[in-house]
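Multiple structures follow.
Below, chain A partners chain B and then partners chain C, in two separate complexes.
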Partner chain A sequence: MTVHFKQDKPDDSNRLDGMKQGVLGKSIPRVEGMAKVTGTAPYSAEYPMTDCAEGVLVTSTITRGNVVSIDKDSVLSMPGVLAVIDDPAMTTRAAQGTADEAPQQEPGTICYWGQPIALVVAETFEQARDAAKHLPIKYREDPGAPLDPQAVEAEEQEDETVRQGDLDHAMATAAHSVDVTYTTKGHASAAMEPHASIAQWDGDKLTVYASLQMLNYNISELADALGMEEKNVRLVSRFVGGGFGSKLGVSEDVVAAAIASKEVGRPVRIVMSRQQVFQCVMRRSETTQRLRLAADQSGKLIGFGHHALVSNLPGETFAEPVLQSSHFLYGGENRDLMLEVARIHRMTAGSVRAPGEAVGMPALEGAMDVLAEKAGIDPVELRLKNIPEEDPEEGLPFSSHKLAECLRLGAEAFGWDSGPRSPRHTCEGEWWVGTGMASAARVHNIAEAKARVTLKADGSALVETDMTDIGTGTYTILAQLAGEMLGLDPAQVLVELGDTKHPRGPGSGGSWGAASIGSAVYIACKAIREELGQRLGVGETELELKDGEAASGESLVSLLDGNDLSREGHYEPGDIKDDFTASGFGAFFAQVRVNRFTGETRVDRMLGAFGFGRVLNHKTARSQCLGGITWSIGVALTEALEFDPHEGHLVNCDLAEYHVPVHRDVPDLEVVLVEERDPAASPIQAKGIGELGMCGGAAAIANAIYNASGARIFDYPMTPDRILAAMPD
Partner chain B sequence: MRPFSYTRARTLDDAAQLTHDDTALAIAGGTNLLDLMKLQVETPETLADINRIGFGGIEDTDDGGLSIGALASNTETAVHPRVRSDYPVLARAILAGATQQLRNKATTGGNLCQRTRCFYFTNIDQPCNKREPGSGCGAIDGIAKLHAVLGTSDQCIATYPGDMAVALSALDAQVEIAKPGGDTRTVPVRDFHCLPGDTPWRENVLEEGELITAVALPAPVGGTQIYRKVRERSSYAFALVSVAAVVEIEHGKFTRADLAFGGLAHKPWHDPRIGEALIGKVPSEDLFDKAADILLEDARGFGENDFKIPLARRTLHAVLQNATEAAA
Partner chain C sequence: MSDTISVNGEQHSLPSDPRTSLLDFLRHDLGLTGTKKGCDHGQCGACTVIVNGIRINSCLTLAAMHDGDEITTIEGLGTPENPSALQKAFLEHDGFQCGYCTPGQICSATAMLQEIANNWPSDASESLEGEMAATGEEIRERMSGNLCRCGAYANIVAAISEVAEESA
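Up next, the complex of A and B:
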């Protein structure tokens, strides 16, 4: 039995607060943690298969053009080689998140250097890899493919454009104005687990074990690519070794493995090499962003401008949504916002953790620091002054708004000095030491979701959905949520995820997983409680369940009387999505040191205070924040995709040369969770926290670099070469 | 990775026999070689495993120095009590490189022979005169942030990426080499690596069939020993610039100044004129500038790596200032 709930109104009943088990929100360690650290949790390439053949993707060595011919025969005679496949149904890039249909196919048409064009299948991985490197390919090159986003005419994304009032006039007449241009380089998700699949056919039924974030969309994407009906496709993705957006859409390995398995009549496994993961899945676009801020004498914004240029391949719908939080974070009645996309032939641009705010916020919050200095106002105070009462463009109320509280609590916990600020106030040995801060914002996303909850006759519970856990804690929070609602220790709740045989979840992406699937589980549990209440003769709202018993003393086992009780919860966001502007908010504070000889920058300490609705598990939520802040350090100081200027290929395509922060770069981080209930966010009053922790943090570091060293830099990442060039003598 | 045969050498002679043709390579820790084989940059038909031929010890020498076996792991060397007390610049350089896991496997000989991290060298679908003579250089007008500013040629601007050898160069260590047939020869570390010139594929003076057996350190030299490595992140990154320094100041004047530089050239860079300019002089900013002028006299950037020239100057200043302060 399915219970469908479409949410049109805020829910401030806060029912979860009235439950008796007392497990929701608790710092429970991840339930699958032991399996992962002991190597017993199977990742997609690790499912035991008999007679599994191995596939290796062959990638293009030209930037644009066509494959004229592939001399398959020359490698088919090599030891162990079973097949060379260049089926037109193979995909040439990963699907964009929530695409729900196949991405670009026809691998013979080449749009970027490194694009998959064929697959070699062999008995062993080594044989396949060797044959893949030997495969002779004739190309017809289409030279002159544009590679530089600055050198082409860009397309305006009209639905992002906002023009209110007269920004030019506001800038000309403002007491204080800032007009600065920031750049950010491209980023990679760089998840530990590479993209990997095993495909297996049973008649016309296909099963693929794959590393994916959104099975509910991926099944459609795969079925569409293969021209199959979804009912004949099963995707399994129970454990995912990090996704960060790179596994939102079905990737090239998944489709290729399915085609190859059909052709060779055996299971086929494809594991992308680290280089292939970097070169042919997803990049975050580089950006160029012009910020214009006009303020009156008191520092209150009267004008706000944000123009951004991003890039993608021709035909791709995704444009890094740089302006996402700029639309509502600060006031200013004269507004001018515009997003443009340059069509260039670098690999596909798509979602990388916190698409939009990950790069938009570091630019905006850097510019705010420049304004604070110009206006002679404490940076925290400047932000507090400019928090709007309602969405400054849409006129909508905010669903909840914790920015002011995060700024105040964060400043207090960090020990922020609100006195006058001037660069180079502290030198310790060779190191200039300084502080900086920034606001955090990340839009709240929520999606339709289904989950089945079964109260078993033995008094335990089972939660089933095709939702994934990409290392974020989904298994754990759903056990807590069901435990809270049904009066069970979470250890009594078995959560089954990542299999399309279960009801469709929302997938993991855009920080929407916990609130969306949590709401579906909540609805299912509520329906079970209604049935239990009827059996006990009490209303659902009066029913008290704890430790497997009702308040009357009757046990769940006896109430169930030998039968399972199952309900499917179906959550759908309704008018709630249109009636409010909903976002997570927060504040970052950083202390950094900059070496006066070498320009090397190290973060001493960093603090983030975040408000994102109900906290479902303090430990997993905090861990998400720690991860986000760590990404902020990468955005600020080291992470940059470097593309060859002549062919557009990514040159630093491994973890030695794409510099994510290492342990030693990540100091003591402090996280302050500013708990709240957001009635318009979801029926469980929760928003997402997977991305907020990196939305602006890089600016806190950049602003601290300026405060420490006097180097005001407008280009991320702030590597020693850039710091030396900007540092006063 | 191409299919290859694997053979375990039992003795030095064995190893020399097995590696005496250009389709065979010796493997010790494999931390560099295996990566390059997976990328098909290296395609040996035969791998001769030399891990069991001896030469793993670290021993005192008759002249009071220290002999570090070619197969001693980087970790063993870095934690050796005599290295720590008498040659701290070496311990510091090793610990500034790679990661603990890699240092546990990496060996003295392998470290000396490690190959460049140039992006165009490690991608077989790109031109590289080092990997494929005559194919061109992708880096010269490509992505060259990590590349050399000293001793480059129009064939190659790659850097030698290591840290250990930079310290060995400052210490004026000697590389002991076994030739096929049982003879040996000794080459100063300072002469072991080559500049690219017209033969960028030739990275060091080892001839076919020759194997490093040890590195000999001179009797302890004392002084202030510094290894300064500049990098974007604080671990697991190759040097933008590094400086190894063995410096002594007596009565307010430099009496020893052995300096070597990493990240600037196809080899650890040692210029004897720098020490000569410093010795007998009173430390000062002007003097440090003169030293930097000598170092960077012929430096040439390739756009993206232009910053290495001022960075090298500034890092040298920092090191000499640290040394001066330590002596005070």
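Up next, the complex of A and C:
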């Protein structure tokens, strides 16, 4: 039995707070954690298969053109080689998140350097790799593909454009104004587990074990690519070794493994090399951003301008949504916002953790620091002054707004000095030491979700959905949620995720996972409670369940009388999406040291305070924040994709040359969770926290670099060469 | 030449294909998939195993080079029924999220604490000689070969520090 709930208005009932088990929000360790720390959790390439063949992708060494011929025979004679496949149904890019249809196919048509064009299948990985390296390919090159986003005419994304009042006039007449241009380099998700698939056919039924974030969309993307019906396709992703956007859409390995397995009549495994993951999945676009801020004498904004240029391949719908939080974070009645996308032939641009705010917020919050200095106002005070009462463009109320509280609590916990600020106030040995801060904002997303909850006759519970846990804590929070609602220890709740044989979840992405699938589980549990209440002759709101018993003393086992009780919850966001502007908010504070002679920056300490609705598990929520802050350090200091100017290929396509933060880059981090209930966010009053922790944090570091060393830099990442060049003598 | 390799105390024959890395031998030939492949180039540390007591990246060495060696993988350090102190501490401190780098972090930390106990210095050490201590900075420096993209570093260091203090 399915119970459908469409949320059209805020839910102030806070029913979860009325439950008696007392496990929701608690810092319990991850329920799947023991499997992870003992190496027994199976990731997608690790399912034992009899007679599994190994596939290695072959990728293009030209930028644009066609494959004229592939000399398959020359490698088919190599030891162990079973097939060379260049089927037109193979995909050449990963699908964009929520695409719901096949991405670009026809591998013979080349749109970027590094694009998959063929697959070699052999008995062993070593044989397949060797043959793939020796596969002769003839190309017809189509030279002159545009590669520089600055050198082509960009397309305006008209739905992002806002023009209110007269920003030029506001800038000309403002007591304080800032007009600065920031750049950010491209970023890679660089999830630790490379994309991998094992495909297996049983007649016309296909099963693929794959590393994917959104099985609910991936199943239709895969079925569409193969011209199959969804009912004949099963996807399994029980453990995903990190996603960060790179596994939102079905990737090239998935479709290729399915095609190859059919051709060779055996299971086929494909594990992308690290270089292939870098070069043919997704990049975050580089950006160029012009920020214009006009403020009155008191520092209150009267004008706000944010223009951004991003890039993508021709035909791709995704444009890094740089302005996402700029639309509502600060006031200013004269507004001018515009997003443009340049069509170039670098690899596909798509979602990388916190698309939009990950790069938009560091630029905006850097500009705010410049404004604070010009106006002679403490940076925290400047933000507090400019928090709008309502959405400055849409006029909508905010569903909840914790920015002011995060700023105040964060400043207090960090020990922020609100006194006069001038650079180079402290020198320790060869290091300048300083502090900086920034606001955090990340839009709240929520999506349709289904989950089945079964109260078993033995008094345990089972939660089933094709939702994934990509390290976010889904297994654990759903066990806690169902335990809370049904009066069970979370250890009594088995959560089965990542299998399309279960009801469709929302997928993991856009920080919407926990609130969306949590709402579906909540709805299912509520329906089970209603049935239990009827059996006891009490209303659902009067029913008290704890430790497997009702308050009346009757046990769940006796109430169930030997039968399972199952309900499917179906959550759908309704009109409420149009009635509120909803976002997570927060504040970052950082102390850095900058070397006077080498320009090296070290982060001494960093703190984030975040408000994102109900906290479902303090331990895993804090970990999400720690992860976000760690990414902020990468954005600020080291992470940059570098493209060859002649061929457009990604040069630093591995973990030695693309510098993600390592242990020694990350100091002790402090997280302040500003608990709240957001009744308009979801029926469980929760929002997302997977991305907020990196939405602005890089600016806290950039602003601290300026405060420490006097180097005001407008280009991320702030590498030693840039810092040395910008440092005053 | 014995043509055998000891993995978690069990003897195995070396693979017939000399190109097989120790990592692929463990994962594919022996089915010990707790050891992870993250980059295959010695850049991420996910494949860290312990060879004769020393931690190495198993992707950077061929299985054929380990004739007679004793290998310990994550499966050899503990099991869900009987986890090691570090495995328990990682779980308690949430020293992971997706879990993919975790076996490598734990193998690395296991051998790293022994390096400190043996008074081997690191870049973070004040002196090349004398007693070494498992300070936060020492742990961070010595663990920097093990990447964690989820960003669990702060919790990993907390987990390792706890075990180091308990065994000190």
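Rule of thumb we're sticking to: the second predicted complex is superposed on the first by the 729 of 729 C-alpha atoms of A that agree within 3 Å, B and C clash if a C-alpha of one lies under 4 Å from a C-alpha of the other, contacts with A are read in each partner's own complex, and residues count from 1 in each chain.
Keep in mind that, in the parts below, a contact is a pair of C-beta atoms (placed from the backbone, for glycine too) under 8 Å apart; a residue touches a chain by one contact, two chains touch by 3 or more.
All values reported here derive from a predicted model rather than from experimental measurement.
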{"item": "First, second, both or neither for A:Ala656, with chain B first and chain C second", "value": "both"}
{"item": "Which superposed partner A:Pro149 touches (first chain B, second chain C, both, neither)", "value": "neither"}
{"item": "Between chain B and chain C, more extensive residue contact with chain A", "value": "C"}
{"item": "First, second, both or neither for A:Val271, with chain B first and chain C second", "value": "second"}
{"item": "Which superposed partner A:Pro194 touches (first chain B, second chain C, both, neither)", "value": "second"}
{"item": "Which of chain B and chain C A:Gly39 touches, first, second, both or neither", "value": "second"}
{"item": "Chain B versus chain C as contact partner of A:Gly331, first or second or both or neither", "value": "neither"}
{"item": "Contacts of A:Pro48 with chain B and chain C, given as first, second, both or neither", "value": "second"}
{"item": "Contacts of A:Thr472 with chain B and chain C, given as first, second, both or neither", "value": "second"}
{"item": "Touching partner for A:Pro10 - first (chain B), second (chain C), both, neither", "value": "neither"}
{"item": "Set intersection of chain A contacts, chain C complex versus chain B complex", "value": "126, 130, 273, 656, 661-664"}
{"item": "Chain B-facing residues of chain A, complex", "value": "61, 79, 126-127, 129-130, 133, 273, 275, 430, 595, 597-600, 602, 637-638, 642-646, 649, 651-652, 656-657, 659, 661-665, 717, 719-721, 724-725"}
{"item": "Residue ranges of chain A touching chain C (in the complex, touch as defined)", "value": "29-30, 32-43, 45-46, 48, 124-126, 130, 189-194, 239-244, 271, 273-274, 470-473, 619-620, 622-624, 626-631, 654-656, 660-664, 666, 668-669"}
{"item": "Chain A contact footprint on chain C (complex, rising order)", "value": "17, 19-20, 24, 27-28, 31-41, 43-44, 46, 73-75, 78-80, 83, 87-88, 90-92, 94, 96-103, 106, 124, 136-137, 139-141, 143-157"}
{"item": "Complex interface listing, chain B residues touching chain A", "value": "1-3, 38-40, 117, 119-120, 123-126, 138, 141-143, 145, 230-237, 240-241, 307, 310-311, 314-315, 317-318"}
